[in-house]
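Can you read through this structure? Questions will come right after.
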Amino acid sequence: MTTKHAALASALIALVVASAAGARTASTPGVSATTITIGSSGPVTGEAAAAAGVLKGADAYFKYVSSRGGVNGRKIDFKYLDDAYDPSKTVQNVRELIQQDNVFALFSVVGTNSNLAIRDFTNAAGVPQVFSAAGATTFGRDYAKYPWTIGYLPPYAEEGKIYARHILTTDAKPAKIAVLYQSDDYGKDLLSGFRSGLGAQARKLVVQTVGYDPTTSDVQSQVAQLKASGANTFMIFAFGKFAIQSFVYANKLGWKPKIYVNDVASASSIMKLDPQSTAEGSISILWGKDPATPKFAKDAGVALAAKIVKKYAPGENPSDGFIVAGMAEAFSLVDALEAAGKNLTRAGLLKAVTHMNEVNNPFLAPGVKVHTTPTFRFPISAVQLQRWHKGHWEPFGGVQSAKP
Amino acid sequence: MRFRAALVGVAVVVLALLPIPLSEFRTVQLATVGAYFIAILGLDVLTGHSGQISLGHGAFMAVGAYTTAILMSNHGVRDLWTIPIAAGVAGGIGLLAGIPALRLSGLYLALATFGIAIALPTVLKKFDHFTGGSTGITLFGKPTQTGHGAGVKILGKQLTNNEWLYALTWTIGVALFLLAWWLLSARFGRSLRAVRDSELAAAASGVNRSAYKVAAFGVSAAYAGVAGSLLAINVAYVSPDTFPIQLSLYLLVGAVVGFFGSIWGAIFGALLIQFLADIVGLIPHVDTKQGGPTTFFFGLVLVVLMLVLPVVLKVGSRVANRGYSRAS
Amino acid sequence: MTNLLQQIVSGLASGGIYGSLALAIVLIHRSTGVVNFAQGELATLSAFICWTLMDHGWAFWPAFGATLALSFLGGVALQQTVIRPIQSGPLLGIVILTIGLLIAVNGLDTWIWGGAAKQFKGPFSTSPINVGGVAFSKQDIGVIVVSILAVVLIGLLFAKTKLGLGLRAAAINPVEARLAGVRVGVMLALGWGLAAALGAVAGVLAAPSLFLEPNMMQTVLLYAFAAAVLGGMDSPVGAVVGGLVLGVLLNLVGTYVHWVGGELRLATALAVILGVLLVRPAGLFGRTAVRRV
């Protein structure tokens, strides 16, 4: 240890100490006379980076609201950190947000595993973990054990059931179904919901299921295997690039099944893949407005979203469905914060998010409402089916329930 | 020798007082630094002193972390007692891995350990009935967690949970540092370096080369196991994604930053792994919200160090050798 | 049966990608004794450059040509700036330096192009050709043909040209080569340039089917290592054959060995690496055994 080392060491220590300075007082953490600090964590980088659009959309919407006077006179300070889809990084981010940045609440933390990893901690600390961008059923169901946690998205299992119902009711010729799923809670939730939706038929109709690990480079072999099963229906319970690969490989193999693609992989940015003929006729669900859908072209909510993106998130793609989804979540949070009143407390926010009755969210599809009670904690429990046609989604059929 | 002992004394005092001015969060961050510190010490023993490279030390950390997590959540073993078990399990696996490693020259050992680090997360996910799969295992609030996440009372003094984690990690960290210091300055260390510098000469002087190389693997893996165990206890959560190839590579960067083989330098490497993102964030116009810049600078630091290291190494090894011979 | 043939055909197509990256790795290993861990990331960087040119309206072939040239120059520059200064130092030092490059280039890609996957339009059509129930595309054929073509060209270069002779001489015995008038430094730099250009080929071949993102080659690198080890670290032919064999092997094991499934592909490749290194270190085509120390 030379003096040079020692100097370097003390410089490092000084740096640590300096960056540690942070205010902590006030009765309610994260709430001052002029601001509310909200925290989040999500995959800004890594294989799931597309989902970070949710955080960018929410951030833009909060800035927009703040510029117009904020909520009950307080501006919203939204701080989100990158976890690259690694749940243990999420845990550390959330610690930083709660213990260092003193956030009032966590909002829209992205990913099922990430939310599972942090909920023991947030509930022990009594910090609201609200409107998580994750669709595992447990976030709405297990409120007795985890009162401070609430999700937002329609539960994956229900999504799977809706596809099953659609197959059972519409298929003239008997379906032979092949499923590609991500081997984690998210993919397995969809698969098990799908199976239970098919009920007694599942054994007969599902001819092949194959999992993949998201660290793999491609799903070429899996898709070839599914094709070889002789299936005429292809369920894509995959995310991001693996969803695109599924379409492209099916095409490359000359396989033309009827395709169902799960909600989180159905953003128009993903579906605009090449060649387009592959995606034609695919079915998915929607609950937020996809700006690329012609039906919403003149929609006031989509126009507002575009305006907000242009001003507060320049450089982001205004027709990215994830961004609008993030705005929908942010709109609901602002509603809840308003309802929680001027004298903002964490318990007050919890009460507000479990008494939602929001019918005017401009970023949600018509007929989709945000409704919760203390014993029913699935904010979005209605969805509509949509079909990909000529380069965009076309909603069809009525709004249907996705209540567990 | 006296100077170095004094330095350790000063370090212990600084470590003990550090949490006072620091926030809760910085305290627990430094606890994580302690876990990295221990892992890098292990890597120093293996690569720095016995000349065997490992690009997969994150895998041994994973063994330790999962040993702790599984024992705590499924078998009701209190977190503290899982630490020596984790050391034993990881060390045992390290010894076993050391035997085939004897047959591989440096380059091929690098390849093989790199492969292990890349493939490990998928294997952990596959055996999900055992490891909890990609959902991982949450330890927070488990009855086996000392203080149940709420804080611990030691010698009449109430510590917060974060202060407790810090105290635990660094107590073990300092102990393992002293152990490494003693090991490396004793016969064990001299023989390791003899084998590293000239296998032939070492063999001629009657050193059992294979035994020493395998032993180095075992010791190094045991250190990594303790580090993994402490990381699991600190974060109170483990999942396969906690141990990506990047972790193993960052540990290597950490070891190089510590001038390879100088266990004194391990602290710089450990601090770098934890705080590089914050340091890079100080550069104007660089957005560290996006992981790219931090990763880039990690790589850059390694490249630059390797370029200047031949110079540094020469100076360093002279200093180090003098230190060790004096210690004997 | 159809599935078996289909898996073999798909495996060959993936294997072509592994083989072409393995070829780049072998080329450097053969001429300098170093394994370049950054080879995969450099290939990804090349693919990003090609993508950017095409994004600016270039057609594929000019963009590809420019990428090859840039990659070659980049490889030479890299050798000159960071490898040459420590060329005479311990081998492990250079290997660790290439790991630094791996990390840095990966970070740079993310920094510049972001993390989301991009669709990359390659030169070959992806529309299916059906032969007896087995489907493949021109792209698949293209990948296999290009990787074989690359190894043939490399073989000719080494065997028939004066440059190739110099490259070999510099690799085998730098001291004598220098005495014989070979400019060893230039040869080593050219070796890195060639490898970088080959890596660019691998990256551009991979991008249309794997989709371009910063981690695209991270797992492919392990497959390429497995291919190179399987074929013998010093054998260009071995690299490509190893790649093709590995591609088929991974598909068959993933499809027919149930407890492996699609999830343990990487572990299977690792098993190949460990198995070959411990049982037959020279690989299938290698002549020199791994130096045991």
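Here are a few things to note about the model shown:
Lettered A, B and C in written order, each chain numbered from 1.
Definition applied: a residue touches a chain if its C-beta (ideal position, glycine included) is under 8 Å from a C-beta of that chain, and two chains touch if they have at least 3 such contacts.
Just so it is clear, the structure is predicted and the values come from calculations on it, not from any experiment.
Comparing mean CA positions across the assembly, the chain most remote from subunit B is A. The count of contacting C-beta pairs peaks for the chain pair B-C. Averaging Cα coordinates per chain places subunit A and subunit C 37 Å apart. If you average the CA atoms of subunit B and of subunit C, the two centres end up 32 Å from each other. Residue numbers of subunit B whose C-beta contacts span two or more other chains: 122, 125-126, 290-292.
Residues of subunit C in contact with two or more other chains: 110, 114-115, 218-219, 261, 263, 265-266. The residues of subunit A that reach two or more other chains are 44-46, 183, 213, 215-216, listed in rising order. Every residue of subunit A that touches subunit C in the complex is listed here, in rising order: 43-47, 49-50, 183, 210-213, 215-222, 224-225, 227-228, 240-241, 244-245, 248, 251-255, 273-275. By the touch rule above, subunit B contacts subunit A in their complex via residues 4, 7, 14, 18, 21-26, 28, 30, 32, 121-122, 125-126, 133-136, 138, 140-141, 149-150, 162, 235-239, 241-242, 244, 264-265, 267-268, 271, 275, 278-279, 289-292, 319. Here subunit C touches subunit A in the complex through residues 2-3, 6-7, 10-11, 13-14, 110, 114-117, 119, 121, 126-130, 135-137, 139-140, 209-211, 213, 215-216, 218-220, 223, 250-251, 254-255, 261-263, 265-266, going by the rule given at the top. In the complex of the two chains, the subunit B residues touching subunit C come out as 51, 53, 55, 100, 103-108, 110-112, 114-116, 118-119, 122-123, 125-126, 199, 245-246, 249, 252-253, 256, 290-303, 305-307, 309-310. Put simply, subunit A touches subunit B in their complex at residues 1-2, 5, 8-9, 12-13, 15-17, 19-20, 22, 24, 44-46, 80-82, 84-88, 91-92, 95-96, 99-100, 113, 116-117, 120-121, 124, 183-185, 213, 215-216.
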